[in-house]
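Below are the structure tokens for one structure; questions will follow.
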């Protein structure tokens, strides 16, 4: 058995979390509240030492007075406590949201539309991607049909009747097969993590296994 | 027929108990499971096995605690394999947080090797046989910079030695003296960066080891030849161990292969519950 | 004014973001970097302070009014305070003004991170293994066409990734990989198109001021 | 020694055909250099890039491995540069002839993104066009979305049982589109809770999202005429770390026992922890996310799941705003264009020699 106090703290907190599997209980609640408290304390440290001090205060005091502007905009969040000025909260939010949505538009067009079209097109070059010889053509065609049928499932402005009903049903087949497969694949990763965790408890802490 | 009714609604705690109990049982009585080796791992093994004596292996250990269980066995088995062949090894981590995990692997495997060494020549000596370069931020700096000069990027190693004074570093100048880099990333995507930058710009061969969750994302890189070989999840590590044991005759403990047994139990019990659920569902529904 | 100024700002900010993506000129790039690395990060830190005030106020009010299970709130506030003091005073690497070591016992913020936060987060992560078992038992039934598909794909993959699947048939692992590479990729790609278009439309609506829920007014 | 060096140099063939040009679509300060590999490429260490401003004194500015025939060099804009490439083996160098002058400049448009620009213009046009049509009062049909019709029942059920409703906006920041869609839905759900006087709980992850959602919920209570029923602590910040957030919500679920859970927004691995704990508590659960990797878990553990774009459609649908609905029609129109592009592109790709893939870089 290991007598390092940190190993004990880690082990007991882990057991407290696992106790939730049986049912909710005071031990879990204590761990939960410690978790939320500690993580926010850690985030305070992070925001202070990694953002506010180096990016704002140090530079502000060394002469970059313009930084007072973002600091002022940031302070507008606190107008929430003053009912007459509370609408000013919208200003930092507008800046934040506006800028990131603007940046988002070209990125998503490039990564999620143009690149995906490229990978789906039926061309001899894409057939070769599979390293499967003539079968590559078959896989590419199945993929192609699957993509188009899945898109049709997300066609909202018409009732799914007739041809659209058929294609959207096929789309669902692809979606569900994919979901099942990625569920199955993820199991392996999560179970391994659990095995590693149990090895820590039984080995590093209790010392009953090697 | 009442039994089937109950079997459609097994309390989740029974499932938890069965799963947890089986894993604990398998850990108490460890046995390893033989696995068939698939081409991605076989190719990686070949590449590491055929490293010429004048060239080195770089091992990038950049996984965090969430992927430790999957990626750590990979680090152990690759490093053992390299040591067994007396391949020169440079280890590094792209993230400061994970240096501790990297150091642990390096210390453990080196000590294990040296315990069986009979003479000084036979044992691994720091600076002559292996070097721990440590960490240089941001990741792109070592990835590109080592193409020109490794000692230029890592002017001091993890222990504070002047890197260019180490005997090993006199021969290993840049990627031209490196046969393959094995990147064990686990969730950060760093394996891709090695392929995108070091591989494309310097023609460095890159092998990857990643979590099972990322396997599908990384497979295209292997298919396109950007990864020379790859290990996916604990199964990939077990396949490598299989080769290390059967071909390189490494006798060390096979952690991943043992975990494969626990993993098999876990999968089987999950599958068993799904089957039980369906049979009893089928029976009770027919009755109605 | 209470709505017009924010709407004008969101438009200006949105167009600047858009321009920054298309224009590589150093002037624009420098502006983009200042915006993302300095301005927005500073603004975000203030939002975090506001959020913390919510955390503290919820729990102090619980303690004051002796609401159901209030003692846990003391645990939360205490661990929050202790960690903050150690982190702020002791510094990121434990070399701050506050001592973070007594004898051999080290308690700087990194040690707390390594031993408390990581222990807790990996344990939560490990719960997933159990929950996958219970969720699959409950939901993977041949109840409907969709559920059957979900079930069979998961079944094949779960077997296929194991040595035992390989022992049943050498084709099983390849088949599992195939499901992942072909039908899964097709489904995901189709979903991705929809998400991209929906995202694009929402982004446009925000920049143009058509989507105003964020003003707090709900709807237009 | 000198003789040895000369013989070595003579044995080494230099690279040829050195070409250089201003790197396209960048912010300047970069010149791209290309060359033909040395015939001795197999044996050499790599290539050195040498640069000069006067074509007389050259300095080494870069190095690439063997087998590589292209690189870029950091430059000062408008300065004129000459380049030569050396094949390197140990101390031996075989230089190509020098080429130049070349200079770099900053561009005002990233020419490699022309296809993105076209995509942007075309899709914005259709989305705005259909929004405009909707504004004129054209009625639009939107197919039924299963999770949405359940919202009313879910709120009603919680009211009957006298239990609260829990709504999570996910782990995305305010710039995540899923979060914004979720903000639309949270307002409507809060309105229903206000009407039925059902207790409403909204633990948040991101600080900025916290500030926004608080305003929205407060406003919702005002809209239905019950501002006094609004509890300022109903929307609260929990923790900006995924597993801490999950552990907190698990605790809240077991203490407050909500009858209905909404998981709408962007989620990571914690999705199953949330949904499975909720399912074990017997709550009705409605989920919606655009994180494809988490959808399988919501599908298995929740009663209703809005898949990807359904979430955005739902947010437009639930607000019954014709302008928002118009955008959906526009999106559908673009889908038809995409399918058309796929079909036409494939035909061109199969029958002609035209490199169709190059259009979609």
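Letters A, B, C and D mark the chains in the order given here, with residues in each chain numbered from 1 onward.
Just so we're on the same page, contacts are C-beta pairs under 8 Å (C-beta built on N, C-alpha and C of every residue); 3 or more make two chains touch, one makes a residue touch a chain.
Note that the structure is a prediction, hence the values are computed from the model and not measured.
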item: Between C-D and A-B, the pair with more C-beta contacts; value: C-D
item: Most centrally placed chain - per-chain CA mean versus overall CA mean; value: A
item: Most distant chain from chain D, judged by the mean position of its C-alpha atoms; value: B
item: Euclidean distance of C-alpha centroids - chain A vs chain B, Å; value: 24
item: Chain centre separation (chain C, chain D; CA means) in Å; value: 14
item: Centre-of-Cα separation between chain C and chain A, whole angstrom; value: 5
item: Distance between the centres, which are taken as Cα means, of chain C and chain B, whole angstrom; value: 26
item: Residues of chain B whose C-beta touches two or more other chains; value: 12, 16, 20, 66, 212-213, 215-216, 233, 235, 263, 266-267, 270
item: Where chain A touches two or more other chains, by residue; value: 17, 20-21, 29, 31-33, 35-36, 39-40, 43, 77, 80, 92-93, 96-97, 99-101, 103-106, 109, 113, 120, 130, 144, 147-148, 151, 154, 175, 179-180, 182-183, 185-188, 191, 193-194, 196-197
item: Shared-contact residues (touching 2 or more other chains) in chain C; value: 21-22, 44, 47-48, 50, 52, 55, 69, 114, 117-118, 120-122, 124-125, 127-130, 132, 134, 136, 138, 140, 150-151, 155, 158, 161, 180-181, 184, 188, 191-195, 197, 199-200, 202-204, 206, 214-216
item: Contacting residues of chain C [partner chain B, same complex]; value: 114, 118, 121-122, 125, 129-130, 132-134, 136-138, 140-143, 151, 155, 158-159, 161-164, 166, 170, 173, 177, 180-181, 184
item: Residue ranges of chain A in contact with chain C within the complex; value: 5-7, 9-11, 13-14, 17-18, 20-21, 29-52, 55-56, 67, 69-71, 73-75, 77-78, 80, 87, 90-109, 111-113, 116, 119-120, 130, 139, 142-151, 153-154, 171-188, 190-191, 193-194, 196-197
item: Chain C - residues contacting chain D, complex; value: 21-26, 28-29, 44, 47-48, 50-52, 54-55, 57-58, 61, 68-69, 117, 120-121, 124-125, 127-128, 131-132, 134-136, 138-140, 150, 188, 191-195, 197-206, 208, 210-211, 213-220
item: Complex interface listing, chain B residues touching chain C; value: 10, 12, 15-16, 19-20, 33-36, 38, 65-66, 100, 212, 215-216, 219, 233, 235, 260, 263-264, 266-271, 273-274, 277-278, 281-282
item: Chain A - residues contacting chain D, complex; value: 17, 20, 24, 28-29, 31-33, 35-36, 39-40, 43, 77, 80, 89, 92-93, 96-97, 99-101, 103-106, 109-110, 113-115, 117-118, 120-126, 144, 147-148, 151-152, 154-160, 175, 179-180, 182-183, 186
